[in-house]
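See the structures that follow.
In the two complexes below, subunit A is the common chain; its partner is subunit B in one and subunit C in the other.
Up next, the complex of A and B:
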């Protein structure tokens, strides 16, 4: 049977592995190949020019600026998203006050309703979210939702030209990225919390632990694995940021390139600025390296004793 | 649930990361290098040339059209296609879209482009690069073909002056047929101006005086879309030409050394610096899209916008019925200007291109010939409230207020029509680099001197960049 077992496994794996190789790995190899050429993307001809494209990127201030914005997103967006996701999930599942005659561990009132509301943005496409927020951020004090709200409550001094101000434009876009993703993590973490045995919470409560202690000493350590997975996915979303920046930012990554990100720069290089496909491909390779570095680092940092329960 | 990542988990996750990360890097190549094949033009399926079919379209040969669906929509093209369909016994394959570039670049790379495209919009194909790679059909045969309405006249005889030049990229060949004719300028509500007793300014001083008056009424003098700051350049560049003459503007287009460091530029940029310093630009403009800007303007929050004649169609949903849209000629520094008041910036726009390696380039040109017939141009003008590039095409039509005003301004300008090529020859320079500088100038973050320094530096960098194709006025 042993022999047959391997044949069985290979039979099942062959198709997905082949598909993965053709659809995912081979384009990547081609991407690297294109990055060594001066291809314009408009003709079948291309010439090999060695590492020229990489050299140009290294000396391109715009690229480093865009990469820095990606790194900022990578540092801020996942932390805020996961922290909010954890907080909301905790409140929805464990954070409620004890009510007579109910189970010892409950969420706040209306938890089921909130769970659905948080998940709303997840149902919308990124484009819809970006256009929606473009309207919310409309600086007109009568037509822009955010500014008119601030005006209504008498905070006219806080009214901003949100996406047009170089100091806050990137933060405004990151806020939308957080808004769009938090719901998913609330649901993910809720699922994680549901699998933590209630007895652990009961024991903690009997020992007199309050909500904060329960969260930091019980919930968070037991959710570590889920959080780590979420962290990697969130990091990859933050490394991208293309759609949000492309749709929302003024002057395509502006004002004055303060919101430009590498994928947008790549897109502009490939499709707009005289069709420099070779250069854009080189940026793609650079992106891949940074993303892989992030993933490897995250997995390394997460190596720890496992907790059995 | 476990916290220690064992080998299997690590592999699983690494694969998961790969699934997400690798495609983002390889997306380009995935959609780009799917094709291949030879670069040789395919044999033209040409039919017999007759009086009714001067270009020689072969009946029954398929035709594919990719049309930008922007401010003008695409139904006017569909109307012309209906004529083509019945004439040549096929059904034109029509795609209306807003993003031609990303969709069509791979098809050009694999030598299977559609036959005819309306290459407009923010995500258009780089016409200059395509022309340089000889991927586009030279439209000279079309120019020399007789028109449908009067076979004694050639197509080139009925085009508004400047249309042919607008489609040229440094040589005599015409690669883009710019169908619409756009009049740029300061657009305003005649009703608002009459109610307030204002007059459209002719000089910078008058404009600043109007700004002060308007501010007292809580109306801003100008607004602009910060999301697309190059809208401001419609006025700004042409004003440089009005003050310094066409040569100054051509020198800028030709990327000549020191082209930005002339007196005309200093006067114009200095004027914008002053408007910004006096806070006559509508607050918040820097964060607005063109639609948001137009809405604020039609609501009377700002007096004037720099825009093209498409604004009448685009802003129609929010424009009050009695708005009485009008366009003003270029504001300049005064009588010392090289060109008088009345000078306008007008250019053919909405560039139609025909692929040289397509299956039916002759059919593509024939569709354009149908589109410039009186019946089709009337339809275009009536439905989109815009002029076409055909002389006298608007005759006999009842024009909307904005269109009538644009038409009047164009007639009044006579030979004093300016056209800057920066926006189609050097897209990145105009839209992004100069656009960023302009946004900073209008928000008061930099002064005129910094803007000019930056513009000159950017123009020099573009000139030195070997990856940017260069063009010159012929």
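Up next, the complex of A and C:
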């Protein structure tokens, strides 16, 4: 029995652990090592150059610019996405017109339908979404969906070159990230709201609270944990931004580097421009540091007692 | 309707919550007020909800209906419906732009890697959840830790690891990488799932002389079916939509490209060739199967994708 147990444990763990060690752990460890070399891929040998790559990154304006765009995405995209998600979820679950004799809190009619439609972008690949929105943002006043729509309703003055305009290109990409993710949070928060007992709403109602007070005093505090989880998820998505920027932006991070993000810069440094692998690996370490900082800050902010219900 | 509005017309008393209490039936008044709000809110919420529904649905429908138009029509009337539907852009995208091949490649890669992920992930999770042994916690945190770090960080070393293993630019290589990077979440979720299952049934099977392996496959896996389906859906969609990994690890032979790579390439090509309807047909090919599966299984898909977040 004992013998059989250990043979079983090893047998079941061997393949998953081996795959994980070779393809996930070992590259992770190697990244630190490569970041200390001048490896350009052209030569088989690498020379250890200490922290030179990190120093180069620190003095590289483009890196700071890209990192700033990451930070902007990290701040703006989750806030807007979660706020819209909460707003729509509240509308869906509590915004309904109360019918006589029914519970005090009613969802709007067709809530199920809205949830299905809102979730559409979540099942589509980032590639599909990015390519589609590239066409919507098409700068041509007759060709692009958005510009021709503005033209049709007489708002010709609002027509933009969208992704081609350095002032708004990043905002346009962030808008798509929000568009793509709101549905997920509507569904997630709806599930959370559905699990809040109706009596709590009933009690709030008897105390004379209106729906806005109810939302901020009852719903939001009880959803705290779900919102916090959503924040972490959204942060990870916003931290990446690679596919959206790579596929949508003019010239891979343009116009004039106004949309570049660190993952894209890393990709270009390694696989497009002169194969500067050491430098790219150092950027990877920098990404890890920023991600860890984000995680630590989130955990600290969320350290509060739980409300059980 | 009119009486309701009349009843609920906000008098000066309603504005001051203190005065509400002085009314003879305070809770009835509160309920009335709530209902009055409900009328306004109902119109208000439906308005916002409908606008967002249109904002989501119209771009997708636009891509679909544009795929039935000629490129000239798309250029001159981007909003118009295809009155004389053309289907040749679909065949152009399917054969000439090789979307069929990319589609099949994607099905192969996602099929094998999802099965592999679920098999290996459940095996590891079961052992980690149900057995005590030296290093259990260490291996668990090794797996779970993988959820936290950015994949983009390991691109350079991963490229060379797969190159040295001789699996760079191959479909099996992509399958192995997908499995490895899907393990953290799968192991995390399935471990907590196996912990919730009752131990008595598995123990009874062991007493009856079934081996651990047999107990796992014939008793635990069927019992864990709901969890396996949830995470299976999560993995299928995640791997189907993967872009970064194939872009770096599968950039060689275009014969081996997956759908997302093909679509990204089509988008660039279209810029040179002006084949807009072909692009929209390609978009639709990449979009429709997942949307169709989603609409059929929407309950399970929504539950599967949000399962991780509420756990």
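By definition in this document, the second predicted complex is superposed on the first by the 278 of 309 C-alpha atoms of A that agree within 3 Å, B and C clash if a C-alpha of one lies under 4 Å from a C-alpha of the other, contacts with A are read in each partner's own complex, and residues count from 1 in each chain.
Following the convention adopted for this analysis, a residue touches a chain if its C-beta (ideal position, glycine included) is under 8 Å from a C-beta of that chain, and two chains touch if they have at least 3 such contacts.
Worth saying up front: this structure is predicted, and the values here are computed from it rather than measured.
Once subunit A is used to superpose the two complexes, subunit B occupies space that clashes with subunit C. In the overlay built on the shared chain, the residue A:127 is in contact with subunit C alone; subunit B does not reach it. Shared-chain residue A:34: touches subunit B and subunit C both.
When the two structures are aligned on the shared chain, A:139 is found in touch with subunit B, with no touch to subunit C. Contacts of A:302 after superposition on the shared chain: subunit B is touched, whereas subunit C is not. Looking at the shared chain after the overlay, A:163 reaches subunit B, while subunit C stays out of its contact range. When the two structures are aligned on the shared chain, A:60 is found in touch with neither subunit B nor subunit C.
With both structures placed on the common chain, the touch criterion links A:115 to subunit C but leaves subunit B unconnected. Of the two partner chains placed by the overlay, only subunit C lies in contact with A:92; subunit B stays clear of it.
In the superposition on chain A, contact of A:182 is made with subunit C only, not with subunit B.
When the two complexes are superposed on chain A, the residues of subunit A that touch both subunit B and subunit C are 20, 23-25, 27-28, 30-31, 34, 134, 140, 142-144, 192, 226, 229, 233, 236, 239-240, 263, 266, 270-271, 277, 280-281, 284-285, 287-288, 291-292, 295. Against subunit C, in their complex, subunit A makes its touches with residues 4-6, 8-9, 11-13, 15-17, 19-20, 22-28, 30-31, 34, 84, 87-88, 91-92, 95-98, 104, 106, 108, 114-128, 131-136, 140, 142-145, 148-149, 152, 179, 182-184, 187-188, 191-192, 205-208, 210-211, 226, 229-230, 233, 236, 239-240, 242-243, 247, 262-263, 266-267, 270-271, 277, 280-281, 284-285, 287-288, 291-292, 295. On the subunit C side of its complex with subunit A, the touching residues are 17, 20-21, 26-27, 30-31, 33-35, 37-39, 41-42, 44-46, 48-49, 52-53, 55-57, 59-60, 62-63, 74-76, 78-79, 120-121, 123-124, 126-127, 131, 133, 139, 142-143, 146, 148-150, 152-162, 165, 176-177, 179-181, 183-184, 187, 211-213, 216, 237, 240-244, 248, 251, 259-260, 263-264, 266-267, 276, 279-280, 283, 286-287, 290-291, 293-295, 298, 301-302, 305-306, 309-310. Within the complex, the subunit B residues that touch subunit A are 1-5, 10, 13-14, 16-30, 32-33, 35-39, 101-102, 105-106, 108-111, 123, 126, 128-130, 133, 135, 226-229, 283-289, 292, 295-296, 299, 301, 427-428, 431-432, 435-436, 439-440, 443, 445, 467-469. Against subunit B, the residues of subunit A that register as touching in their complex are 20, 23-25, 27-28, 30-31, 33-34, 40-45, 134, 137-144, 147, 160-166, 192, 195, 221-222, 224-226, 228-229, 232-233, 236, 239-240, 249-252, 254-257, 263, 266, 268, 270-277, 279-281, 284-285, 287-288, 291-292, 295, 299, 302-309.
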